[in-house]
């Protein structure tokens, strides 16, 4: 005999109905929603990759940061994996290095191109870089394998380091050649365009200024600093919004806008050789990934990267098309 | 500009479909949640001020900040995007659903119950249909807003036309920066207007002739 | 009236209503305060119309709403047809009780047919049976099924909405019909027609009707019995209208019923008790020449036009007949009264009608005859003389 | 005569019924509740900020002067944009309800509807491309967004004014301008101010996108928090922006209550 008066029982029944309705509703979220990756073509592996064992039953998620070079490298990886028969989840264009790194640490992404210098200082927290690219790579590879079960394949000769670029006219006016010459410029003209990540990293803006005898707030007033998105800095530097623009040395717009890159005599910046990085799980399961990526990595160097970046940033082509054409030209894809 | 679109029409179509799909699914979810909460709020008087306060505070949280908070919890991709859009889509619908349900004439409900309609039947056959026109108005406002909010989902790699805008941002100064941004922005506006027209049509079909204003 | 026998009871007056008994029913809103309904004990015979009447706040509506448990009684028992209403599931209980409130409170988003079909739908009747029932009820309440079935409430007048409300209440042919001030929201003429309609329906269906009103005249006219309530639903008097008028049970009832009981008696006499005068009639399509000859021969100067089902649609002066056959146009403002209407109603209608008499209609608005001013006044004089002689003898 | 008026006024004040409460119970709750909520959360955040062990990146980004500068930029952006909107949207709303211009109202409403769907980030980037980076581009973008609610509420507010009142005023000989100033606007103010409040909250939210085009603002905390995967920075950014939005929402409510004419 239910002691609950009849009206309360209907209330209870109504509440459970509502609750279960919401739960069901929540579960049907996101069906059929892909990611921002969009389309990527595929072909047949050729040339040095012809004998790579197929990856037909593999599902691999490829991630990349959100600036042009990383997009191209990301699409190269996607096309290679698809051509090798793998099912690919396209997570290219992740905003920010650490998020991309975190996505791989959490296993949401299995393959990324990463820079040895960034890993050594930004992720592993070391303060002084190793001045030789192979030694730097080995140090990063060993630590990452031991601590984070990440496998660094052989790095490419390409070294995409941070630096500052100036307009040719500004360079001539103050005879600027190296980062040390910034001190020669009057305080008022020490204007910088940086993106938020660089402004805060340990291999970033403030430590670099200190390395070259400058200090943010005093010798370089805070209001001289403009934070912009990575890509926007080139145009800003070119139209004089700031005299010094933080650049990636392999960006295509440096050549196109005839900007002058200042050298790093004190070797403040570490070496940033790019290398394919795989989670140990996926690598153990498909060791042939090593043969798939390493030949391609060797074929990438600064000159090649600058050309590819320019095609996207200057000519406005889609990174996936640029990557595809390059792979065909090099014969990796037939 | 047209060359730009012709080259990428396949990807634009795919992203547009994804954008609409994200918003529509989120709107459906938001409607169910909003109506469920509205029912609770209208049946328990004292909940109402709390609901109003929450929706007032809710709206003040900037969408960009909320996305930031969702990233660590839900990772990247579709999940944070859906939650983001659903959160903002629910508020206008909830407000209108509450107004709609309160607007239903007390006598009608009493005569419905007096005729032997159980609470659930009364809700689905009397209270909901009568509150529907007002709720639908909230749905339209919410859809328009969600189409805009969904663009930010691109920052978490969510589906839709958002990535076009962010690509335009990263390539400022490049040849196609303007094209990317225009396709992203104008595309979303056009899709929003189409969705609005569809909702108007749905409204006409689902509102009974007796109460169509 | 549709020839097929109505599903409930034929016109032989056998009762289809159910008996309702209330024993010591109390309703207390606050633990301490005076109860809204204090120990009401009452028996409502099956098939009768009982009017709950009293000053506002006397608990009449609360009592009504306890019959279908819209308001749960604090204590006491209520039985319908001998069965305690608390034993059944509340929704099943209400599906067996018609419920009509002021203005009809029709669902605006449903058509007239859908409104009426709600309860039969809940009872899972077959589609065809519901459709027939809807047409039958619309006909019962005097609305042309084909014209009104698919209309929406906002397209109907106040009176029509109220008729659909009654039809909806009767939809599942319930033994009991509860009405809460059903005719409050309409103009006097429409109210009077609706009251007449209600009486002729009750005359046909013999339901148990419990109706709340604040208008004593309405109570006296409609009620087989009248329950006059005081504060806290105390029974001031519960009896037939004649007894209440003749022997009011106390000062409260006397004040409430109002002065001039004899005039009130007038409201009781029904038009059907007078002998109706004849008036020439004509049916649609008849040749005007014959009608004019016949009417002049009978010494009349006007004719009442009837449709195929002998329902009056127009009352024309002879000079208005121009076309060669009787037209089928319907005069919306035609005044007719039901044979059970009171003399009071007849007098009201005559004042408004353009002829010196008023058409009297029987069941389903069928034409019966005409009553004129003189017949009513002669009857009144006769009854007063009879009452005076009776008083002289006593 | 003056004497008579004075005594009559005294009598009137003495017997004047208790002043009807101008602020509904719920509004009162919000007026008092909001500030306390803001203060409590802010204090909690400050305590966390002092005691939390931050790594050098977080120290750099959450430095007090950095936070102060970003917050000030955010406020400046919002206030300047709000003023810009007030001096443009309200007059626009007024003209659109004048008989001569009434026919333009529907197209503007349609434009407003489309505008509402436009993605904030899209508009900001477009403006950055056309107009360039910096504070004023940010203000322009924010202005576009806040323009719509204020315009709509101005129109609705004026349309809600009972036409018979306007007619009565005209009948008494007030000029069209006087009617606007002394009858229509005071009665429309509450609705307009509600629009302003919505606009203020919208502005604070939109200002967080300023960081993409160097317009400053607390948005920088969120972008850094995301790119460098630092929750403390991210959450601080979100909390500060939300608190700022609540403060402006509260400010809007105060303005709304203050601006409501006594009699309403």
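For clarity, chains are labelled A, B, C and D in written order, and residue numbers in each chain start from 1.
In this text, contacts are C-beta pairs under 8 Å (C-beta built on N, C-alpha and C of every residue); 3 or more make two chains touch, one makes a residue touch a chain.
Being a predicted model, the structure only gives us computed values, none of them experimental.
Chemist: Touching both chain B and chain D, which chains are there?
Modeler: A
Chemist: On a CA-centroid basis, which chain has its centre farthest from chain B's?
Modeler: Result for max centroid distance from chain B is chain C.
Chemist: Which one of the chains is closest to the middle, using the mean of its C-alpha atoms?
Modeler: Taking the mean of all protein C-alpha atoms as reference, the closest chain is B.
Chemist: Using the touch rule from the top, work out which pair, B-C or A-B, shares more C-beta pairs.
Modeler: Most C-beta pairs in contact, of the two: A-B.
Chemist: Would you mind pulling out the distance in Å between where the CA atoms of chain B average out and where those of chain C do?
Modeler: It comes to 52 Å between the two C-alpha centres.
Chemist: Suppose each chain is reduced to the average of its Cα coordinates; what separation in Å results between chain A and chain C?
Modeler: Inter-chain centre distance comes to 85 Å.
Chemist: Using mean CA coordinates as chain centres, what's the gap between chain A and chain B in Å?
Modeler: 33
Chemist: Based only on mean CA positions, could you tell me how far chain C sits from chain D in angstrom?
Modeler: Their C-alpha centroids are separated by 60 Å.
Chemist: Give the residues of chain D that touch two or more other chains, as numbers and ranges in rising order.
Modeler: Correct list: 128, 212, 226, 229.
Chemist: Residues touching two or more other chains, restricted to chain C: which are they?
Modeler: In chain C, nothing touches at least two other chains.
Chemist: Going by the touch rule set out above, which residues of chain B reach two or more other chains?
Modeler: 71, 118, 155, 162, 166, 169, 172, 177 - these are the residues of chain B that touch more than one other chain.
Chemist: What part of chain C is in contact with chain B in the complex they form?
Modeler: Residues 68, 70, 91-97, 99, 101-103, 105, 107-111, 118-119, 122, 152-154, 168, 178 of chain C touch chain B in their complex.
Chemist: Show me the residue ranges of chain B that touch chain C in the complex, using the header's touch definition.
Modeler: Residue list for chain B touching chain C: 105, 107-108, 110-118, 121, 125-126, 129-130, 207-211.
Chemist: In the complex of these two chains, what residues of chain D are touching chain A?
Modeler: 56-57, 60-61, 69, 128, 132-134, 211-214, 220, 223-224, 226-230
Chemist: Which residues of chain A touch chain D in the complex?
Modeler: So the residues of chain A touching chain D come out as 95-99, 101-102, 196-197, 199-202, 206, 222, 226-229, 232, 236, 239, 241.
Chemist: Quick one: which bits of chain B touch chain D in the complex? Just the residue numbers, please.
Modeler: Spelled out, the residues of chain B in touch with chain D are 49, 52-53, 56-57, 59-66, 68-69, 71-72, 141, 144-145, 147-152, 155, 162, 165-166, 168-169, 172, 177-178, 181-182, 184-185, 188-189, 192-193, 196.
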